[in-house]
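Order as written gives the chain letters A, B, C, D and E; numbering starts at 1 within each chain.
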């Protein structure tokens, strides 16, 4: 199940109050700095926020990756140095945000949701906040994950376009990685849906109801994150900010197409799940019907016969049939005839 | 349950007729004046409408907070002095309004709904009318509540941005507080939904139907207030009125984002409640099915057996089996065989 | 139930053919003329269409109120004198129109539906056609009603704004009165809905189905009239015609808000009725379930017991148990044990 | 039921290939020419396509009415002479088109669907293609029908506007006649719906299911033709083509209003049919419920009583009750008490 | 069932990485070159990508048809020579794309889905990528199919418009052929729907549920491909690219109309399938109802009668009725009367 976070902030606090709404952890916030241009690349882990400061105005591209949001003062120091609006910092710390993009004069803030498949089919949502500056990218996330590792690899290997391009391309790569992650999740869910559907067609039972419901709920949650993402990526692509180079635009268009495709897939899955629920309900009805028919046939045949045996089980003194020589076989034959008649009737009613 | 108010006005009255549609109370209308600039702050309670008049043209920011709408003449006097359009006064008094914003040359009127969680899970809706003037804010509400108390606190403490900014920021703060209040309500409802859902998965029963229905109804009512709010906040933010300073815009954008998020949450809850109703109905069907199966199995096994005992309970004189030595044990074995055959059949039909 | 009128005109007739589609009545068409300015007011009933003619070009505001549409030649004469387009006259006479507004160079035509609550909960729809000219307003309706009486009162008393304003304000007042009437209807329906809902929660029965269905149907019909009204009022407000003064605009905006609120209320009621139907169906399912459970429990306990009595009711000669001293009490104890076991089983299955 | 036609053309054929998709008939194509101005009118039936040619450039208005589309060469000759685009001819012949309008430099093509009520409640759809040229109108239809007869009448009688106006008015008249025809159909369906609804309320049975389904299907088909018609008429009205005179515009607006009204009616009927299906399903549930209750009451009362008779029907030697003087009446009284208790219980459960 | 392909690419790979997501095949990629102008035409199969290169700049129209996408280096070479953007090549190879159109300066890329009816009612989807250049068209598809064969025929025969027009007309022809193919599929599905509906009306059974579900699923998949196609064709038609000649526009409008019609048909089928599912469920309910009624009638009549026989089967010593001469016939008459009374009651309840 998708865990959900709470609303924007505690009611009544002044706007811009920095409060981290996630679980408090004891680990310290981890800050990694990756600084590169076409020729050089340097990766270092730093202890204090202050060590990031000099990278703000370097001509090289710098990616400052902050894992862990519970040390508010660290975040605040970075925010102040990089001149972020207080409301931006509030949004970064408050991990229950809706995906959004906000353009400021000197930087663009993108907040999106990453989904990670955990054990036992659970999906975990994490907020990724990306600040794109002229020659730096700040990325904030709550937990340290390995999703961005391959970007690091590509940077280090110097392969591909990434080392030649500017910070906007790095920000694009982060967003693209998150969107690609959606397809990993969706593929897993797609396989689950297909296997449930097969179950439903071959062998419907009450145990298929819960997984359908769970998947429907997951879709509601995924949808909630992916629909606004579409708007975010679209506005990212159409942005007229100086920060985004013309050569990055086709890539943004590409990630937009992928977002649309993710939405498309989610809507298709929703339709399929609705169809499966209908199928489930109809199958259950069919089963009740079948059970009812067996009961009806058995009862309808035997109730009258039992009545007949009841008649001849009565203890009246004067019941002439009881004394007859052929009474017993005759009544057996009568009962056999009644049964056959009924079976024929049911056959013609197509209940058998 | 959300209480609802009546329509716009009594049919046939001329427009601008001032009628208060809420319950008549005997308490007098309470007027508080909070007058402040960056350096000074003064709070006083006044007895008569006339005491508010001098604040209209002072350079300091003045918040005139009117609690209680039943003394129409007080409201009317204030309205006349602050030069409000008669239709605006009508809207303020008629607490069944739809959330709306209306811009006039000298002031902006915002009418929104506040929700307050009351005991026993009831939600109470109250209309808040805010008039934003060049250096004053009038706020009208029916009942005295404590929702705006922390704004007062912040004003008095002089902490944060609020004392440095103009009346538009004060109006924003009021709207923001009301929107934050929505999340308090929504969180409570969210917890209820989750607990009902858990019930539904582990232990579905007829008693879960009513809370689902009640929550659905609440969603309908909340939705009705929050959807138009979106438009209100959007137009507030995009307003080109002189009354709104550029520096307040990011805050308005923020409250707009929160409104969207509230709508999002409501829609998600609606989807979840629909899913839960489907789940409930299917669970009930499953239960009927299960009960039917037990009945069918018992009846189908015993009805034929009882028929056999009926046969040998008949009083015919000439029934050779009755006199046989092994008749009784034989018939018992026959009946046992019939039962076993049926059980095997049911097992293969997967009804057991 | 809402009565409905037929389509636009008899198929195949040339456009502009004047045919009145309502019931033919024997009463004559009633024409009232109310002529006023800020100082004077005059009301008279006239016999012939010709008497209206001189009022066309007077500087005072003239309201010509025509009740009854069956005397086509009267309508036609008025139409010709006031230079109305033949299609306008066709629309006025053909009372099955969809609400609409049409602007011509010299006049604006507004066609709307008025709803009147009749005895036994029936709602009757009537078409009101309003022609707004430079200094006259023509209003056409089929039946003489008392809805517009209070406008007449206000005019005569000379109270309020109405006597000072022009013909556009009079037209606005007519529309406003009709829209206010909607809220009277909606309030009545709202009360009905609430009382049915209470029934449904406390005491659901098959007799609640019909009123829900009836209300749903009414909503369909109301909706059909109110949705286009929104467009009509909106276009009335946004009209750039010379006929509408700037000072009337806020009032038109107000009536637009009321229309939106009426639509809102209708949609909310529709949602509530859908929810109630779901609730109804679920309640019925629950009832079947409950009935089934009682049947199952009784049958499941007694069918095996009856089978046992059947066994010892057989007439086999050699049944050793029958001769035993404690056979009868023993078998009674066995049957008691079986019952108790079953009751425990049902209890644990939570069917009891 | 509405018959449907096949798709646009056989897959793989080059565009513009002329193939008539309807049934092949042996009758020849019928061509009527109606040529008129304000003073003269002439009607003639012609044998060959060539006879139409001279009418192309005459100053009088000419209506060339082609009934029957199976003689492709005739259509092709006319098409070539009147300089129609090959794709237009393809659309005319391929009677499975979606309603559409296409403007060319010298002519406008309108393709719409006419519905004709046939015996046994069937509705037959026919494609009408109208080509509006500077002073001619070509109309193509598959079968000769009598729908356009009254237009002919009006032309001949010289009554009304039609003889004074140009070809655009004639085209309008054709479209108007087709739209009017919709109301004839819809009125018939409306009456059917009302009669079924009455049945449903008074006397619901399984035989009402099929007509509801049939009407729903008809609505789907009607809707499919009428929705695009709206766009067609709208674009016809808004066309800036030289072919359409300003004085025809109000008439086009009128037919547009009628189209909207037809759509409105269809949507209302759809809503009503959905409501009726819900009502039907609920009524069926109610009936099952009622039947179940009778069964449950009978079974629940008699099953325990029968069990008691079973006990005293056992043949144990030592059953002290059997020998008692008042055993039989006592047991009868016990059974009566059990029945009464149960009836009281059911009454309180409100199952009786 | 419609097979579906996976998402856009493996998560985490850099954009523009060329990976073919379909099944790997051992056959080599087949490249056909059709080069023509109004006078000459030449068709050849080439072995290597390099042989296509000279055709890039020839004044004649060249259609390079690539069947098979698994030899990535071949595709890559062609892509590089024809100067395609790396993301375009990625899209061509990754056959799980959503239909789309992308305009570049020198070429237009169109990606659409073709559906092929396979044996056993399965529908197979294949991605067709079309690159339209100034005087060439590249078409990429995974499997060699015969759908484009008739285009080849028409080209060779030199019939029709196709040889006289430019590359844009060729691209149109490819798209048109794919869209025409949809109607072949839809017609097949339409026939299936009608036959199932007939089954449903005459002879509803549980075996009709699965085909309805299957068709619904197919519709979901078809819809997913056809809806975006609409946008693709629309933007193709409205493109202001130099590559598209004015004379091709009417043809593009035509294929757009066909796309709309395909969407229309799919939506109609979806509506019809929903209606059929409702009908199915109602029919099943009706059947349960009917079965229940038979059971109820039989049980309700015989349960009390059997109880009576039970009474007189008891072995009490003192049962005066047993010794009476007319006891037995009297009790038979009583039972007959009870049966008749009940039958009359059922008849009046209209259960018989």
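Here, a residue touches a chain if its C-beta (ideal position, glycine included) is under 8 Å from a C-beta of that chain, and two chains touch if they have at least 3 such contacts.
None of these values were measured; they are calculated from a predicted model.
At the interface between chain C and chain D, under half of the residue numbers appear on both sides, which makes the contact a different-residue one.
Rotation angle relating chain A to chain D: 145°, from a CA superposition, given to the nearest 5. With each centre defined as the average position of its C-alpha atoms, the distance from chain A to chain C rounds to 42 Å.
Taking the mean of the C-alpha atoms as each chain's centre, chain B and chain C sit 26 Å apart.
For chain B, the set of residues that touch two or more other chains comprises 281, 285, 288, 292, 295, 299, 303, 306, 310, 313-315, 319.
On the side of chain B, the complex with chain C involves touching residues 4, 6-16, 85, 87, 97-98, 100, 102, 206, 209-210, 213, 216-217, 220-221, 224, 228, 277, 280-281, 284-285, 287-288, 291-292, 294-295, 298-299, 302-303, 305-306, 309-310, 312-315, 319, 321-325, 327-328, 331-332.
Chain E meets chain D in the complex at residues 147, 150-151, 154, 159-162, 173, 176-177, 180-181, 183-184, 186-187, 190, 201, 250-251, 253-254, 257-258, 260-262, 264-265, 268, 271-272, 275, 278-279, 281-283, 285-286, 288-290, 292-293, 295-296, 299-300, 303-304, 306-307, 310-311, 313-319, 351.
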